[in-house]
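The structure under discussion is supplied below as structure tokens; questions concerning it will follow.
Chains: A, B, C, D, E and F, in written order; residue numbering restarts at 1 for each.
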Amino acid sequence: MGGVVIQNVERADATIIAGLAKAGVATVHEAQGRRGCLAPHLRPIWPGAAIAGSAVTISAPPGDNWMLHVAIEQIQAGDILVLAPTSPCTDGYFGDLLATSAMARGCMGLVIDAGVRDIRDLREMGFPVWSKAVSAQGTVKETVGSVNVPIVCGGQAIEAGDVIVADDDGVVVVRRDEAATVLASAQSRLAAEEAKRARLAAGELGLDIYDMRGKLAQKGLRYV
Amino acid sequence: MGGVVIQNVERADATIIAGLAKAGVATVHEAQGRRGCLAPHLRPIWPGAAIAGSAVTISAPPGDNWMLHVAIEQIQAGDILVLAPTSPCTDGYFGDLLATSAMARGCMGLVIDAGVRDIRDLREMGFPVWSKAVSAQGTVKETVGSVNVPIVCGGQAIEAGDVIVADDDGVVVVRRDEAATVLASAQSRLAAEEAKRARLAAGELGLDIYDMRGKLAQKGLRYV
Amino acid sequence: MGGVVIQNVERADATIIAGLAKAGVATVHEAQGRRGCLAPHLRPIWPGAAIAGSAVTISAPPGDNWMLHVAIEQIQAGDILVLAPTSPCTDGYFGDLLATSAMARGCMGLVIDAGVRDIRDLREMGFPVWSKAVSAQGTVKETVGSVNVPIVCGGQAIEAGDVIVADDDGVVVVRRDEAATVLASAQSRLAAEEAKRARLAAGELGLDIYDMRGKLAQKGLRYV
Amino acid sequence: MGGVVIQNVERADATIIAGLAKAGVATVHEAQGRRGCLAPHLRPIWPGAAIAGSAVTISAPPGDNWMLHVAIEQIQAGDILVLAPTSPCTDGYFGDLLATSAMARGCMGLVIDAGVRDIRDLREMGFPVWSKAVSAQGTVKETVGSVNVPIVCGGQAIEAGDVIVADDDGVVVVRRDEAATVLASAQSRLAAEEAKRARLAAGELGLDIYDMRGKLAQKGLRYV
Amino acid sequence: MGGVVIQNVERADATIIAGLAKAGVATVHEAQGRRGCLAPHLRPIWPGAAIAGSAVTISAPPGDNWMLHVAIEQIQAGDILVLAPTSPCTDGYFGDLLATSAMARGCMGLVIDAGVRDIRDLREMGFPVWSKAVSAQGTVKETVGSVNVPIVCGGQAIEAGDVIVADDDGVVVVRRDEAATVLASAQSRLAAEEAKRARLAAGELGLDIYDMRGKLAQKGLRYV
Amino acid sequence: MGGVVIQNVERADATIIAGLAKAGVATVHEAQGRRGCLAPHLRPIWPGAAIAGSAVTISAPPGDNWMLHVAIEQIQAGDILVLAPTSPCTDGYFGDLLATSAMARGCMGLVIDAGVRDIRDLREMGFPVWSKAVSAQGTVKETVGSVNVPIVCGGQAIEAGDVIVADDDGVVVVRRDEAATVLASAQSRLAAEEAKRARLAAGELGLDIYDMRGKLAQKGLRYV
């Protein structure tokens, strides 16, 4: 029972993707109705990276990284590899050689619900990874999986071509056909936050800015 | 069944608090009889911060950060927000806007047995947080909780006005009325350690400095 | 029922150990047939250290660090302390005083399937630790354990004198009598990787370099 | 930003569903290419139940069970409630009153990636539940979620109307439009297993029945 | 630094305690405002027990069960032992000999945020335990702890003499001086539930019984 | 790099093994100096089994159960299969067909630091398993491992031919060459416990039976 590689994947517009990267994970997540956050066990292997890109999805067996080689051929400039093992695994699927290859194809980074290794090299190369674990434990190349099929990664359903946004706060997925709307909403939020930040910095309270006192009293909050 | 906000909370003396911050978490914990350490899953979102302050406690529902707005009004300069959800949660209750507001009130930092977000901003603002998770997953403002009631955070019972000490080793709580005694004991320990450090650095063994050989033999330790 | 300290432990050759440190954890692990990696919950308390040394093993009761004092006397220059508690524990067994003492004896670092504290001091002293937790929670000195007996640490069986290699990717153990063979194999791998890295950086695909296309087709991988 | 209830959901044929229940989770999972198993942390609250039914999906906030009341109205005889919280939660969303209501509507059981309570009552009522936790911790009814939208539960993407099969081995999801094919494949497997079971019980080895010796030798397995 | 045993502990009235046992954990927890549930990792070692009693609290070092012997002397008929280790531990602190001794003193059961062993014997003796783990791993008797001091167990602050209620749903604590009020509230809830159960069993919906439709619409819930 | 099957494995004497089974896990563990307990996450899939046997060890890749077929050929009557994956895995390696085959060869049971499935069948067949998980998730047969090599399972180093004892309390390993001594010690403990049990049941305190009061006072325990 073999796997499948889906080759023609539509991507979102590069300008929209760039806008989402700039807005950042927390804002994008709020802008689409508090949806799409991948589980917080996916952490960056080095701090400071903030990227967005189109998902090249990978479904791989536990402890088998063969499909990463297959997926790298499917990368277009600006893509992000997103790997979900078919059962929980912390093995180190990805290291400096695969990163070298992925970067040569224009890959922006990797999101992997498993392990990664050679992290000092990856940091020096500037290749960002969000992973569940750092592990030197190697993998085999024996069993096929699939590329660009729908996967669940970090508890979120992801399709090839969906937009992945990742920064120090974690990872969020935006449906490809909602990306423009989400970006617009995110930019509105950012503008609105600017004004609030100034008032809060001046010592004004959220209780007053957001007019919460009446609603709190109505819910029964008592001051003693 | 509404929540409650307790407004008049006694704090420990600022000089004592400053002394505890300087002594650090590990020493303070030992000085009070190896008590008071919060669970080690509470980790700093950036390294190097070392603070102490009076606890403003928050009991909040899972996925609901409304009470943070309420708590910020109760902050006095030098306080630390300490939030425990009423059931386990990793959502991002707190980000840069709330930090801006808290800092404007003189808040020293946040200890939260849940998630936090906008961590790059918080690092740049110099606002320290000890949390269970980093998560962009947003929260709602629908259900009231309580402020300055006794809580359990990281496995320790904490009352409003207790002294919280936090650094790279984690977080420890000191009862308000024991703070002076604990500080004195901590300072004695630090002085005693200075002498021991010099001897150990010179190659002397703990086995000899602490006179352990006889007791080890008595307990049956054999050298082969 | 007392413990035991085994005093005469054979070590591997220092040149071999240095070679293994240079090869790094991931390569050494591959070079010995994907064996020997300690569990990925053992993480460095500060990034960048890359060491190798001979294991001084410690079997210690939960929450009792007495045997660390005993073990430090057994250290020879270039050794690494490796501690496994007899049941799972996150307490802070080790801090700056013990590190001062261990460094004075020529210790290279600590691998501990439990907690460590004073991590800011350890970072400043340049003493590397791979641990399961950071915790200020103190320990007692009441119950004896053993030194240089076989232990299981991070899921790997380790004997005194085995070579421990540790870097940002984690920790791997190499049997003392296999160290020379593993080093040779690791060096071959590194040489082979150099050539592949250049080809991958030039955009050539792993699929072609490793001649995978036929085997993938044979396993049923379909492109659609 | 309110939730949504999708009311017209297509179900699979009742005969097919009954066949899948009889085949059981492990066989169904194999029959569809080792896909669809929910995470093993979803365990039955009492042993022996073996059901299948059409999914009524629920996306609910952490600690808020309001949508269960909404979902129960959408139940048709033979359905299974499947609840995924929008962030990890162990609270007890469901107990004997909701079970009474669900059973009155013909509900077969509940799969919930969170907690359940009143489990003694549920066992006595014969209402089966697969949950992540047993917890008496109550929930609120403050925030709306959605019913019959696509969810991710136990790491699997599930749509309303998909077939859920659950027994002592856990839970598996079958796409509605694949249910007939999967059933046919499952029934073939069961027939084939019968013959193999007899041979294995007679002492014949899998190595011979499946003709593995040559392939093992080819992969390098050595007998010493 | 020795421990302490507090000998004179006030208990709640036996009739109230019996009433709370009958109401059960989930109802008692709701009756006191959704407070007091111990963490759901505390599970019964055999199903069906449903008890309540006054807490004899124990603070014990990790891997050291000495204080259980001390605590047993403090037991009065109807008491429940409640043990919290000073740092996380899964060792088997308690087995059939201690249970024999505790039962001889009138002990109702044990709640322990650690491990227990001899569970087949305990089941046959009818001695109920709620624990974090089952583990044969033994403990020592080297370090003193304290009895009847305030502890945190399963994430709840518990004082000696507080009422512990435990059944298949887990464990809840009721403050001694609130026990009568909580019982009254629990009994009201049970009465109210009876009527609702009948209506739900007859097919009436919670949406109608609790008059939720308007409020749901107001929060934005849409039916499509 | 292929695996290896070691064929000539010495076993302990059957009478000794039977004696260890009767003594039970907790007593055997104490009798050998509180050593040898496997981690408590290894739980029986049905209660009441109490077995001992000689270990046939299996080192298997994650998600690959091929070596179980190889191992079954190595079984002698009275053996226990002990499987450790080379990296953490919860997949269901073993079900009713393999159990049928293993039972036909005289296998007593399975200890597996991974998942198992068909647990209702296994219960009905009376085949006992101690596992980390129950999971229907299937495995492949692509990569070779090894049989009867030293492994680490549940945190304990185990060699082929070591004696495994398992019951409701978990699993313990006894070195083959220590089995007779451990049995003798276990039987002494059981005899001594009988007398103590009678005294404890009569209400005598462990404090007095074990003469603990003086030592407790010396360690600083105070009664108030």
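Heads up, the rule we're going with is that a contact is a pair of C-beta atoms (placed from the backbone, for glycine too) under 8 Å apart; a residue touches a chain by one contact, two chains touch by 3 or more.
None of the values given here were measured: they were computed from a predicted structure.
S.K.: Which chains lie in contact with each of chain D and chain E?
M.R.: Intersection of chain D and chain E contact lists gives B, F.
S.K.: I want to compare two interfaces, C-F and E-F. Which one has more contacting C-beta pairs?
M.R.: E-F
S.K.: At the interface of chain B with chain D, does the proportion of residue numbers present on both copies reach over half, so same, or stay under half, so different?
M.R.: At the contact between chain B and chain D, which are copies of one sequence, the residues are largely the same (over half shared).
S.K.: With chain centres taken as the means of their Cα atoms, state the distance from chain C to chain D in Å.
M.R.: Measuring from centre to centre gives 41 Å for this pair.
S.K.: Please work out the Cα centroid separation of chain C and chain E, and write it as a whole number of Å.
M.R.: Averaging C-alpha atoms per chain gives centres 42 Å apart.
S.K.: State, to the nearest whole Å, the distance from the C-alpha centre of chain A to the C-alpha centre of chain D.
M.R.: Whole-Å distance between the two chain centres: 28.
S.K.: Between chain D and chain F, tell me the centre distance in angstrom, where each centre is the average of that chain's C-alpha atoms.
M.R.: 31
S.K.: Of all residues in chain C, which are in touch with two or more distinct other chains?
M.R.: 1, 34, 37, 86-88, 90, 135, 137, 143
S.K.: With chains as vertices joined when they touch, what's the shape: line, ring, star, complete or other?
M.R.: Per interface graph, the chains form some other shape.
S.K.: Please list, in label order, each pair of chains that touches.
M.R.: Per the contact definition above, the touching pairs are A-B, A-C, A-D, A-F, B-C, B-D, B-E, C-E, C-F, D-E, D-F, E-F.
S.K.: Give every residue of chain B touching chain D within the complex, in rising order.
M.R.: 61-64, 86-91, 135, 137, 140, 142-143
S.K.: Once bound in the complex, which stretches of chain B touch chain C?
M.R.: The contact residues of chain B facing chain C are 25-26, 29-30, 34, 37, 40, 43, 47-48, 50, 167-170, 172, 193, 196-197, 200-203, 205-207, 210, 212, 216, 219-224.
S.K.: Please output the residues of chain E touching chain F within their complex, sorted ascending.
M.R.: Residues in contact with chain F: 1-7, 66, 69-70, 72-73, 90, 92, 95-98, 100-101, 103-105, 115, 117-120, 133-138, 141, 143-144.
S.K.: Flag every residue of chain D that touches chain A in the complex, lowest number first.
M.R.: 1, 33-35, 37, 39, 86-88, 150, 152, 155-157
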